[in-house]
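First up is the structure itself, then whatever we jot down about it.
Letters A, B and C mark the chains in the order given here, with residues in each chain numbered from 1 onward.
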Amino acid sequence: MSIVSIENLWFKYRGSDNWVLRDVSLKVDRGEFIVITGRSGCGKTTLCRCFNGLIPHFYEGELKGSITVAGLDVTETPVSRMASIVGMVFQNPSSQLFMLTVERDVAFGPENLGVPRDEILRRIDWALNMLGISDLRFRAPHELSGGQQQRVAIAAILAMQPQIIVLDEPTAYLDPYTSLSIFNLLKDLNSKLGLTVILVEHKLELASSLADRIIVMDEGRIVVEDDPREVFMKDLSVYGVKPPSIPRLFLKLMSHGFRFKRVPLTVEEAAEIFREVHLKVDRS
Amino acid sequence: MLSFLEVFRFRRRDSPLHRLDPRVKALYLLVMSVISIVYYSLAAMFMIFVSTIPLIAVAKVYREWIRSLRGALFLASMIVFINMLAGYLSGGFSLTMEVVSYAFSMGLRFLAFTSVFSIFFLTTTPEDLSLALEKLGVPYDYCFAFTSAIRFVPDLALEIQTVIDAQRSRGLELEKGNIIRRIRNYIPILIPVFIRSFTRSIELAEAMEARGYGASEKRTSIYELYMKRSDYTIASILLCILALSILLRIYANWY
Amino acid sequence: MIEVRNVYFTYPGGVEALRNVNLTIDRGEFTAIMGENGAGKTTLIKMFNGLLKPSRGCVLVDGIDTREASVAELSRKVGIVFQNPEHQLFAETIEEEIAFALRNFGFPEDEIARRIDSILRFTGLEKYKGSSPFMLSGGEKKRLALASILVFDPDYLVLDEPTIGQDPEQKDKLLQFLVEVNRRGKTVIMVTHDVEFVAECKPRVILMRRGEIIADGSADKILADEDLMRSTSLLPPQISVFASKLNLHRPGCTILNVDDAFRILVGLYVGG
């Protein structure tokens, strides 16, 4: 059952001659973890804005095709209504926290939706707990680190109990360890809560092993869409995408005559594959 | 000059004034402001100013209050000087007792205002302040604008510093040159700051929409402000003072 | 040479950002300053051009004490490219934007014109000469910021998080660019937490944590040390972790990137 169904979508921003999205068709199943990648300007951010209605309601322009999310026609549904179904986390941690305390920020979304007071308080407890930031409850956003701020942003989205969470390069400003913890957190939410995750990222090193599917975009089109291991076997350099170092290494070895059962994604997989090869070589 | 603005920053203390409902404090602000405007004699201004002193003591913010007054003193003396100058020039180049007395009472009025406002801001958190606005019935759009403006002040300050650093690293010297050159030198600072603020407001608007702003007509709020008996008592006292002052002004011609 | 001697720095709010930092960077070096967010990396580089003066200790740039020179004087030698280009763009045209530093430093007009053309070519921005800087894409703005510093030929080029927000293609180009700039004799110092980027170019690495330098040496020695890296919120390059698992590291021959691993593995299974 597809929770997101985009068919033959074309979009150009108002005042522009360029189509930023060209004939995009995409289906996302409930509970999937999708990573979208591609060079700067390929249309990833524009596509993100289509999931929750920012396009075409906030960013006006010409739209052709259809966008259906959780059974709703996004082009006919106001963003505020979509917000209870699709939550969105942006790149800049501090621009999405507007209140004077973490508690008020997490409450903001449910308050907007008219959720009763007691229910909101319960959701705040739950969301802060899920993200391990209960101790930050009364802190001011500007006192927090980037990683903490992004966690607050995610908690604020969770409190709205959406079915889908879309994140546009959420770790752009974060250091590697913090980035990894955010990705692991997302994977956790995906498996524990069945939350559908759509993540736009360049840091494929850390994110690709968590994805069910990787989607590569180029010049407004989806050019590659597959299981991560399959995706990295293709030549992505023409799209400005670089596979993570482990698959890259194995692809290079393969092009020099090495033969492997499959291309690994993680260090563990790679080590395992190599141990098998090593054994084979020994025997001969 | 900057120490004058320090007045407007909350200080956490354990005092009855800190515990007072922010709406009652807002009422205090309103009542004292009205009285300060309706009355204009030197004696009245002096009484208003002095009346704030015990409150400052109760709120335990004496040191901050003194600092704010020191900052305000400059502006107050400017006010006195300008009023005296105006009175001198328009009164046929003579300095009467009346003109001097009026000028000083204007200066003292400014100090009284500073004192009253400092009581309010030193004892009320920005959160309480924005809550008070909401509960007083100010439309949420304006409350939100107010709260987020306060929220972004530290970010803005940091950004201004970063822009200054970046431009100084390109050889911009802010301390050099005559007054015209110095003003021009601020253009490379102001433009990026303005643009960043503009960009940030769009990011903010986007994020707000994405969190359902405007989804429901009936917006709930997790915070409640409860007026205690002491709050009602003080509010009544304030209203009596206001009524009395106005009556005395009108009917007994006190000024 | 930049010398940092026993430097302590505390911000006015009371936060101690640098503690007993000692460091020497020679001319012509290629150095990466790495560490978690908040480790003091940006504070340290602001010491190099005098934006911040040490609370204790001193910083010498080519023998000049930064406490005794103006920021403008020091910036002429130490060019800092800050993280977000939007914090500096203000001019009507790209030409004006690049000319800004040159005018501030008192370059003659004819030289200014020459230098602008040259740097626009070098950074691939010639076609934008008369356009507004605000029309550029994010990546192009970063290039413009870099151009506006390089144009006045500082001896030391310092970059604060140059890879943030860049896609892999842009990063590769940046890498080649910095290597070339360094080859031409410029000292390149970059503050970064992009481990994979550093694993490709293998500069000298200075690792910071909570205001202190906890390691200073070759990329080979430092990047492969998992515990050390994790202590400052960094992850070792994946290739390096892979090599550790297979016991492939040898003294003097650490494996950090794909090329390293490829060479070693081919050597093991084909050559040997």
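General remarks:
Throughout what follows, a residue touches a chain if its C-beta (ideal position, glycine included) is under 8 Å from a C-beta of that chain, and two chains touch if they have at least 3 such contacts.
Source: prediction; values computed, not measured.
Viewed as a contact network, the protein chains are fully connected, with every chain touching every other. Of the two chain pairs examined here, B-C and A-B, the one linked by more C-beta pairs in contact is A-B.
With centres taken as mean Cα positions, chain C sits 29 Å from chain A.
Note: centroid distance chain A to chain B, computed from Cα atoms, is 44 Å.
Touching of two or more other chains is recorded for no residue of chain B.
Note for the complex: chain B touches chain C at residues 159, 162-163, 165-173, 187-188, 191-192, 195-196, 199. Considering their complex, residues 46, 49, 51, 70-72, 75-76, 79-80, 82, 84, 86-90, 100-101, 104-105, 134, 148-149, 152 of chain C touch chain B.
Listing the residues of chain A that touch chain B in their complex gives 52, 54, 57-58, 78-81, 83-84, 87-88, 90, 92, 94-101, 103-104, 107-117, 120-121, 124, 140-142, 156-157, 160. Per the touch definition, chain C reaches chain A in the complex via residues 36-38, 137-139, 164-170, 172, 193-196, 230, 233-235, 237-239, 241-242, 245-246, 257-258, 261-262, 265-266, 269-270. Residues 38-41, 91, 145-147, 169, 172-178, 180, 202, 205-206, 240-242, 244-246, 248-249, 252-253, 256-258, 267-268, 270-271, 274-275, 277-278, 281 of chain A are the ones that touch chain C when the two sit in their complex.
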